[in-house]
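Here's a structure for you.
Just so it is clear, A, B, C, D, E and F label the chains in written order, and each chain counts residues from 1 on its own.
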Amino acid sequence: MLNRPRVVENGNLGPVNSTVVPRYSGAPTFALLPRLDEIEQSGGTAEVKVIGVPFDAGVSYRPGARFGPGHVRQSSRLLRPYNPATDTSPFAQVQVADAGDMAVNPFDIDEAIAAIQADAMELTADGARLMTIGGDHSIALPLLRAAAERAGAPVALLHFDAHLDTWDTYFGAAYTHGTPFRRAAEEGLLVTEAACHVGTRGPLYGRKDREDDARFGFGIVASSDIYRQGADAVAARLGERIGDHPLYISVDIDVLDPAHAPGTGTPEAGGMTSRELLEILRGLRGLNLVGADVVEVAPAYDHAELTGIAAAHVAYDLIGLLGDRP
Amino acid sequence: MLNRPRVVENGNLGPVNSTVVPRYSGAPTFALLPRLDEIEQSGGTAEVKVIGVPFDAGVSYRPGARFGPGHVRQSSRLLRPYNPATDTSPFAQVQVADAGDMAVNPFDIDEAIAAIQADAMELTADGARLMTIGGDHSIALPLLRAAAERAGAPVALLHFDAHLDTWDTYFGAAYTHGTPFRRAAEEGLLVTEAACHVGTRGPLYGRKDREDDARFGFGIVASSDIYRQGADAVAARLGERIGDHPLYISVDIDVLDPAHAPGTGTPEAGGMTSRELLEILRGLRGLNLVGADVVEVAPAYDHAELTGIAAAHVAYDLIGLLGDRP
Amino acid sequence: MLNRPRVVENGNLGPVNSTVVPRYSGAPTFALLPRLDEIEQSGGTAEVKVIGVPFDAGVSYRPGARFGPGHVRQSSRLLRPYNPATDTSPFAQVQVADAGDMAVNPFDIDEAIAAIQADAMELTADGARLMTIGGDHSIALPLLRAAAERAGAPVALLHFDAHLDTWDTYFGAAYTHGTPFRRAAEEGLLVTEAACHVGTRGPLYGRKDREDDARFGFGIVASSDIYRQGADAVAARLGERIGDHPLYISVDIDVLDPAHAPGTGTPEAGGMTSRELLEILRGLRGLNLVGADVVEVAPAYDHAELTGIAAAHVAYDLIGLLGDRP
Amino acid sequence: MLNRPRVVENGNLGPVNSTVVPRYSGAPTFALLPRLDEIEQSGGTAEVKVIGVPFDAGVSYRPGARFGPGHVRQSSRLLRPYNPATDTSPFAQVQVADAGDMAVNPFDIDEAIAAIQADAMELTADGARLMTIGGDHSIALPLLRAAAERAGAPVALLHFDAHLDTWDTYFGAAYTHGTPFRRAAEEGLLVTEAACHVGTRGPLYGRKDREDDARFGFGIVASSDIYRQGADAVAARLGERIGDHPLYISVDIDVLDPAHAPGTGTPEAGGMTSRELLEILRGLRGLNLVGADVVEVAPAYDHAELTGIAAAHVAYDLIGLLGDRP
Amino acid sequence: MLNRPRVVENGNLGPVNSTVVPRYSGAPTFALLPRLDEIEQSGGTAEVKVIGVPFDAGVSYRPGARFGPGHVRQSSRLLRPYNPATDTSPFAQVQVADAGDMAVNPFDIDEAIAAIQADAMELTADGARLMTIGGDHSIALPLLRAAAERAGAPVALLHFDAHLDTWDTYFGAAYTHGTPFRRAAEEGLLVTEAACHVGTRGPLYGRKDREDDARFGFGIVASSDIYRQGADAVAARLGERIGDHPLYISVDIDVLDPAHAPGTGTPEAGGMTSRELLEILRGLRGLNLVGADVVEVAPAYDHAELTGIAAAHVAYDLIGLLGDRP
Amino acid sequence: MLNRPRVVENGNLGPVNSTVVPRYSGAPTFALLPRLDEIEQSGGTAEVKVIGVPFDAGVSYRPGARFGPGHVRQSSRLLRPYNPATDTSPFAQVQVADAGDMAVNPFDIDEAIAAIQADAMELTADGARLMTIGGDHSIALPLLRAAAERAGAPVALLHFDAHLDTWDTYFGAAYTHGTPFRRAAEEGLLVTEAACHVGTRGPLYGRKDREDDARFGFGIVASSDIYRQGADAVAARLGERIGDHPLYISVDIDVLDPAHAPGTGTPEAGGMTSRELLEILRGLRGLNLVGADVVEVAPAYDHAELTGIAAAHVAYDLIGLLGDRP
């Protein structure tokens, strides 16, 4: 009774078996996967850990991404174990577990960033890779610090976003959701010639924004480029740019058009579809993905879990890439 | 007074004339068409009948499609009589009427399925073809039984859906919204070599799902195929597969991306647009359509009738195909 | 790291300490209480268990209460450990734990009712009392069966609801959300002279409904009676009726006015306020409460967790009464 | 098949029998009552006719009440035949039928008002009384003209509203939703010493508004008076004022607090509850009600049919009063 | 052209004349009042200034009150110049103007609090009193500092809120939306024997919360006290407590029940109605009000401006009290 | 204090500097641009004026576009000064200012149309071009009259819309949102061989609609044409048709698919994406744009400012075209 049988495949403990237990029954871990402590109590370890970072004190417009991790988990309950698009079973490749949420101070950005970095280091001490669910985009900086430190080298970056996020400061603050990748570049965490913004659109503060960004070395594939070239060509081009560097993928859900992701803080018209985003990700197999995040889901602006479902599918495909090791 | 003049074209009684009667005035029949009893009282018959099946006891996740028929009718009030995309007047080709809703037991799936089948047989006793509005997808089975019986032969099937719906059982239940087409195949209702899923995407329980499906003989055109090939090529390919078999088209509204159809029970990211779906349907003219349904509209999750309007337009084009007889 | 310190009071493990861990961080158990398995793993037992029953196949109108347990838990995260209205600490009186959700078949009402009864018996085998979160009202019958069996005697009943729920059958079905208390009376589970509907309003099928109800022995305190007499007088009157019988309290959230509980399946205008309901419950201290439920929260119709918050507060006060033993 | 058995009581055809036909099945007439043409086709007549007036070109702020009649009907599907609060069966007292909606020009207020008056005269030519569902409040003037003409005398008026609606003109327009009762008084349609605004609150343009209103002879029972005196005292006071004049009751749904009626065009804080309104109406039995309306339901601003349900219950009780003849 | 005539009364420039200019036309200042710069450009001064503080970095749960000032202004457009409840014209008593919003750093609470204090001092340098619209409750501290400094003495306080807001720290932070009144008491800004929380309800962290609060000297009138005693008795009791001290009134909109104010960050069931709140405020005339705020309106959770309208009406009555000087 | 520094570029006063003043602080002018009176008070003039026309009495289905201008302004606050898609700074090319809203009579369409024409003439007396935000589409006629008069010649027209809007009358009314371009053609305001509908789709009343339209000389690029040909080819084709005629662009936001623009009055499935629309506009540089509008944004049906943001981006690109003069 109250027992919840799980799918077990390839020796790895997978989701609750939803042909026997309704998906809406029980606490929603990501994709109904086991909690990390369940795995650890039985002596196991997880090679990919899903971790939430409910933090949004770095936002300049609509807040609310602090509720993002819970919302994405709830929206992930329909995910099933086998991905026909890639002919893989992401939860069977390696053990994946839900590590819960970090407990981050909402009142002090600096303390929060330090805590996220420390937690990320601890969670990856056993060699695990993190699939992080934000939270606002300021969390990408400490996650990149941890990823680069674990990789022992600067990392390549694919940054899916409507915005560049390489601005310098807002209201004098250096650590916000608009600045993480400038900080990361300054700190030497990135191989910027293997770093690229994907899906950008919408107005900037000035031409200088783009010039600064280029000076750091970032590439840009705009939303309109995806419209004209198609997902396959874009994926191929990104793969070439990244090469065999260890790669971090950061997905701001506002990379999707507001029609596909209303539940976010700084939406811009003219974005890509969720199908385009998923097809690009599926074109990136074979790269050396060492960490990933999906951020900026703000549930108060979502409708019918539209945004949450898109984020959950993105995370699902990213987990597939994280576990796809030779 | 309180008189509602109608458009009459080609001898067929059409919608209320909305240049004289506001569209928001009066009970919303589908497209403001006459009720079947109005037609019958004046001695006429309808060759295409719009029928609602407000039933959702077969759903495994979000319920609410029981309110679908009323919602789609409400969302259909802006439809006008002439379809410029096909240069046809669907309500002028043959007499179309709104037959109202079936009265289906919400507490007993088996009884419900039997009642739907009986009602469908009765409604088609005069040779009429049905445009059914669901309701969840479990209603497709009794509708297919009736369609095949009236056709006197197994039927070809175009199944627009994010999902395969050829699973075997859920919680031990054989008749659910995830199983109708397996049952239909088992019962010999389908010409499976002329049957095809269109618009599928999202994870499955395992590779075996796809293998089972293929063993039954179904074809698959995934959402990503539509992205790469375009609506025209897909329509052409489907037309070839179907040939001149009598055809049933079943449209689960979740075939659309959640951005286009938030109001449904099991949404999956990465879907097709309503434009793609309509363009494919318009590429299917000249086939022998004997019945059609649009299902899984769950209004509690809809916004601004977004999903209802998409479903109404789909039904409108399907009515055009149902009446498009030499 | 990722450690979540808890409030400990009177030797009982309470909620996560929300002055250190943000309330929106981590899986939302009821009031952020420990899970039952956490308590049991450390060798403890829980005297009050919060258990969800995500089941809504018994509803005659708007479905969706299957998502009720998760929604109420989410809405309960602001609850704090001390109740100034009663000067008690509900989670310190006895050990309270969240036992998760039952896994109930959505396709077979009879099987579901049997499973709920079995699960309830198992959860109470150690003497624990249940605070159940529904689900639709059909779950009250198996819960009453278990409560009466554990009490070794028929139980008194306070039934807060807009409706009587003593109808006989719908569509031929005996076990639905409109019939549990008739079945309970027929099965001898109730001391009907100590049973009372509270908060009823809205039309009935006929005068006979009320006569049947009275014949079974139920009392009625209508919503208008509460308006005229006030919460204190009503509570006093209810206390007298109940006496020292073991008591079960069943709260259909639709007892509240739709303004206070839009997120429910069969709302009726003219209802009581959440303040009235809470004040009546607070006037019932000293009774022998052996079990309680809050049902019919349908999140798809809720707004800003309005209904969920009301239900969470009701459950919080009921837990206080369940643990308030000499 | 597709047959919909109805409740028949006292020789009058009532609602569809919802223990056999689900309430969400079929076109929603008010309370699932028969359409007027169904009654007339079988040679009967209706003594109370429910008529919708989907018109909102007279509003000064939020439009949308043109969708009110359809929304209230949809929200009325849960109404049952017997009213325990008054121990009456409103649909059994006299034959009640749903006469559908008037077809009113949205672009010309004067033409619309004339058409409403003409339609109302025609609908009452057989002695029927009208239960009208708006539409904005400008429709009350032509309805009062018809009511007074049928009564052969000026009528008493109970006007439930947050506002006085006795302003003179807006933007030079004499016929708007803020002016109907001034026009009615000027035209001699009212016994103003037996006319009273009930539930008013919120700011006015100036003290003169109230002085003008008093000069016409209207009484005022403010929302705060209801708070202090209670529904029973208010009902008694209103009954005395009205005496045995033929009475028209006009209910602007914004008389309810925005919490109880968000779906309206000019909401004001501090309003009455739906329970207070229903209790006052129930205290008005024995008066000579000759017509009634419920207006200003604007569905685009409603949530979960909250406002629609309140309006439906109000209309239900008003129908009870309209049919409550010696 | 594009001219917007205003109501002028008693020499004071009032709202745009909404019988000539539609209320939805033009930028929504509070109640369509003139902007402060318009008054100042014509050489005038404003005795009451409406000022927004769009800041919400101090919240512990749902953020979003940064959008509160704009939302309340938008919801205030229906306010008219004359208040019949008090027989006063708040905008005619003294010149009232809308001073716009402060520009507050969202990333640094300490800097924000200092800036709010400085701005408040500057705005009141000419003797004006402030009607502030928040923003979260952390803004009350700098506003109280300014008010006490301008008053030249500690001030009495009426604090309408579900919560005490006298907690010490959260996550180590001293300045948050849960702590302003403890800080104010510690800083000697308050005459705590003339300070009172009104409308409190819901659980606390422990009995000590209430003991601490009492030790500081605050009084408490709980929501349940208002239910039992009524608004008039409560207002009288509060008036006595305050005496002739200069008074500051701080209204957290969550003092209202979630049914009346869903759009807020930390809602608690069992609250007061907007009618009760307005009636209490109207019972406070004749006191020496030196400043007031309405805070914690979080529009993302509001529906149909329900919460905004309540806040706007509260501010309207507070402006009446602020200008009500001998 | 309360000072709001602005971006100044090329001598033109631009938006508030949002790296110092939060975007959600202060009254939302379009893109946070200066008000026209601010420019004029400092002796300047604006070459492009953003003007709202809050009028919706011409709609045949869902009203509410009267709230469009305020909503689009609110949704425009995230716009920044530099458009990387065109490598231009629209607010630096010429002085752009927000002229506020016209005050239009909601009760008399003829008076409203005359007033809009008069206001447009006055606003353009200094040679300024107008970027108008509606309002329903009936406002396009007086705007075209003014544009043609200022141009001294008939104008070319790009009309982005799901509908033709060349119907003759509705309910006998000649001036509605479905008729402006027929009236404009009849009045000789258009060079119809340089006029084109773009993005049409959905059913018509009859084949004659299209024939009438063609007889007037309009071209049509359907939504399906854009799907098949792509934005670049369509833009090129439109550019050729327009030539060097003075051009007016009218964008009905329902040209977008309901997924991209739910907040509108007469939505049709199968529409274009916001990306397609923006890419087409960006392909139209170098034409002689003399005026533009974006209409039919109905906020009550919008979600998360989805539609408002799309409209704001469209207006932003149109402003870029309006100011893009040699």
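As a working rule, a residue touches a chain if its C-beta (ideal position, glycine included) is under 8 Å from a C-beta of that chain, and two chains touch if they have at least 3 such contacts.
Predicted model only: the values in this text are computed from it and were never measured.
Shared contact partners of chain C and chain D comprise B, E.
Distance from chain A peaks, on a Cα-centroid basis, for D. Superposing chain B on chain D by their CA atoms means rotating through 180 degrees, a value rounded to the nearest 5. Looking at A-C alongside D-E, one finds more C-beta pairs in contact between the chains of D-E. Chain centres computed from CA atoms place E at the largest separation from chain B.
Mean C-alpha positions place chain B and chain C at a centre distance of 41 Å. Here the CA centre of chain C is 37 Å from the CA centre of chain E.
Chain C and chain F have Cα centroids lying 55 Å from one another. Within chain B, the positions touching two or more other chains are listed as 20, 22, 24, 60, 66-67, 106, 170-171, 257, 259, 273, 301, 303.
A complete list of chain pairs in contact reads A-B, A-C, A-E, A-F, B-C, B-D, B-F, C-D, C-E, D-E, D-F, E-F.
Chain D contributes residues 7, 9, 18-20, 22-24, 77-85, 87, 89, 230-232, 257, 259-260, 273-276, 278-279, 303-306, 309-310, 312-314, 316 to its touches with chain C in the complex. Put simply, chain A touches chain F in their complex at residues 60-61, 167, 169-171, 200-207, 209-210, 222-224, 227-228, 257-259, 262-263, 266-273, 301-303.
Taken together, the chain B residues at the contact with chain C in this complex read 56-60, 62-64, 66-67, 105-109, 170-173, 176, 300-301.
Of all residues in chain D, those touching chain B in their complex are 1-2, 4, 20-22, 24-29, 52, 54, 66-67, 69-70, 73-74, 99-104, 106, 118-119, 122-123.
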